[in-house]
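Take a look at the following structure, please.
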């Protein structure tokens, strides 16, 4: 069974529905089950209740989803693994009960992130409206669908507008037209999907205590082997202020020689490294490798070394 | 006038009250005014309504406060400056109306971060209680103070317990005893406080587009001049996924030669650098400088160069 | 008065004659005086006997000229400065007394470097000939010019063939057609020639004792400021085995901001830096600067920093 | 058969005699044969005429022995390998025919390096004496031994004083008391001596053309893997001026994981790497390794990576 951080009608739901055509997961999509929190969804995987779950990991406006990053990166928890990623365009409706006009909207309910991403539009279009926050945009839509609701409108995904029988009085109201959210399908630790030539590897590197140059050293381990970064995010290790770990997406697959050697290099110099999987990039962009960084160069160098020892 | 991200009774309120003994700000503390959001507080400084405001910037468990980081780092907004920092220990009460017993608590209200930080305690002590989220822990306390409230208890700062006449049925219920939050007092751009020998400088570095090695180069500009990092956090630039800036605290004062030269070096190689001030460290820890990094070494090198040109 | 590492008829002599058209030095060339060693020539500058002297510094086949490198780089000696550089193509004659035929040549005299650079030609063309070594190729030509000489031929520069009235029975006999030697005109410490946009700066960096990463740090001081290397050569500091200094040519002029800041950076982290001048490159190739490395970028960054402090 | 760069009575001869107690080479020492040049000695190994030869590689005052460095590093020649190193203190006699007094010495003969290393002593003790140069200090001693010699004294090794029946009128006349020369025993490519925990690896790295940052990249390949340098020397590649290769001694054995991975890394990013062997350090100093650089750390990281892929 698959799961997702629900409720139905959110962008996360939309992300898992996007797997319908996937040869491995497509057949399971329609049975997928919503979980009330990212933690609950990931726990369902750890317990075996779900085979894999879809959770948000990063938004182009808000940044990293800390609930996801911290849970996946926890070195004490049972290890999980990212199996796939998908990127969904963030687009919001202003959704009302049938009959309400745009000009009538005085009270709005939505998730804080959605409120933040539509603030300028609201100030221009509905300057007097009050905004109340709710835990999800789909929950906001559900609330508005209740005829006795004190709220005139929800800011929500089009999927939620449909799901709860609402009417969109405005489409695409996000201030930033290009906002996207990246979601990851997370399962238990196991073999990675085969390399495709356009893969990404995710891991969390924990610095040794009180080592001010550690981040520079982490980056150098990757750079000398020709591995580029896609994303790096510091997260507190939840002990003292000033103690961080780094959540990193890097270009390449653990089966690529440059990546496996980099991971081993990090493992040696870091206090700990939590590996979170290698999987195809959603944008299918292949890395631009510096000279000597591909598998053929690694093999040639290994052959050369062997020839010296004969 | 001073301000803070309110309402009264929060840790931010407690942080600003901590300035009472401060020679520059102490006299203004009792008149300080709460603002409903970090953005509103910072806007009050920009508009001149407040001289300076206290806002949270980092929590040892939750990480960076993105509302603060993104607002301060915005290169399009009128520039602000951090004037001082203070660190407050996070300690939560379970606060009830007088007469309620711990065993009676079935419904709890609090801020999501407070809920997250007391989750284990709640699961052990009050396994059946439901938790509802509110925008601030002080707002939660205020809600419980209402005799008709549907909530039996609030998880809040001791300041809020007192402010709203509640009774703490449990103290110090955070799962992590060492959690602290760091707050900054923010004013308009102007001269920095004089160097103390234990200062911190905060800035945001924007990478040039599509430059995978940029973070390494940023760190090297600091490292070659003997400047250590205290904190580094990536934030999306809110354009496309994968475009980041880096919010950085570094050891030293802009009047220290190593720091001014580093900032100019970053300005040259980055798309933009937003300077956010130099100010004394709350922990008063002086940096451990490598050889050749202090002002005397910089002066000696400048004298040497001048002597060559005679 | 000018001087050069003689005797007359060597490539060094040819190098100083090449200054004839030079606006500053041309008038002095014809009076220039040979010195018997590099050390004697440089000492003549230190003592004031010569205003400047021409000495070899580097050969494309043999490498650095250690007598020159070590004398210029000596931190205990009175400082000298490179005023100009010139590159001379190395081309050898096999020079005989008039009447001698190529087939008659059995005994040859020359400088060890010239012998090394013509070895393959000699083995092919005159396999039975014996080669005797002399301190200079011009001295070898002089020896052959003596009718009672035991030597049939000298390997020498065309200038020496002419000077001593010899006949070249073979031209251009160097095994490597592209061999060149680089010479520098050395004077006392003083103002450098004005920047031309295609300058070189020469200096010697002494590492602090027992510091294995020092060379990496030296290179990083240059790299972060956009300064490229033209030449780097380690030289023993003449104390214990394993103690080195580095003789470096770098692209740019001490009046270029990136170079002056680099030199000061090196002065801070090194035990000592001996500055040996900025002067135009013989090949007039302008550096390829990375973004942010030109003087305009340095000025803009300094203005920005000043604006922050207002 | 063993060989050495002769003639008998030089420091190189002394270096090979120092192998007498060596379990592998001792029995062969007394039959060892002198060769007239470094090139001839190394060629004897390549042709199979000698099993191994002793040649000088580095002097603490003069620097690298370029004839040795360039011959060993030549990527076109049949590969050789350093089997052992030995360090010999440089100590010079002023050697005369029996009966000559120190005050009688007017004409001296010696090798140019010996002349350079005793210059101050000669200027003080025998200010009027003339010095003539000869190809080796032992050859100088041989010349003085001839009763009809025009030379009163030789500056030579004590071994040559004895060998030619001369009398030392002064001992230890080098200006620098600490001067030493390092010699290497060179054989054909084959298995390296087993690791001892205090080994050195020698190789030559050829940069790709026109790549100004190449040296920095070479050093970083070693630094990220915890390999320290003992010696680095640039040598021209004998093509154009400004094209260099780097002759490097690094701490560790090719069988140490950090060294083999470094060599493969260099092979990938360089145009070529010429491996010249791993062998015990003469000083038996073990490297000071950074955390994560020993074989146990490499094995642990490899085991970790394997565990991820199960």
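Letters A, B, C and D mark the chains as written, and numbering starts fresh at 1 in each.
Convention: contacts are C-beta pairs under 8 Å (C-beta built on N, C-alpha and C of every residue); 3 or more make two chains touch, one makes a residue touch a chain.
Everything numeric in this text was worked out from a predicted model, so none of it was measured.
Undergrad: Which number of steps is the smallest that gets you from chain B over to chain D via touching chains?
TA: Minimum step count, chain B to chain D: 2.
Undergrad: Please tell me the distance, in whole Å, between the geometric centres of chain C and chain D computed from their C-alpha atoms.
TA: Taking the average C-alpha coordinate of chain C and of chain D, the gap between them is 25 Å.
Undergrad: Please report how many Å separate the Cα centroid of chain A from that of chain D, as a whole number.
TA: Comparing mean C-alpha positions, chain D is 58 Å from chain A.
Undergrad: Using mean C-alpha positions as chain centres, tell me how far chain A is from chain C in Å, no decimals.
TA: 60
Undergrad: If you look at chain A, which of its residues touch at least two other chains?
TA: Residues 220, 223 of chain A touch two or more partner chains.
Undergrad: Chain contact graph: line, ring, star, complete or other?
TA: ring
Undergrad: Taking the touch rule as given, give the residues of chain C at its contact with chain D in the complex, in rising order.
TA: Touching chain D from chain C are residues 58-63, 66, 87, 133, 135, 176, 178-180, 182, 212-213, 215-216, 219-220, 223, 228-236, 238-244.
Undergrad: Within the complex, which stretch of chain B touches chain C?
TA: 189, 191-192, 208, 217, 220-221, 223-225, 254, 260-261, 263-265, 267-269, 273, 275, 290-293, 297-298, 300-302, 304-305, 308-309
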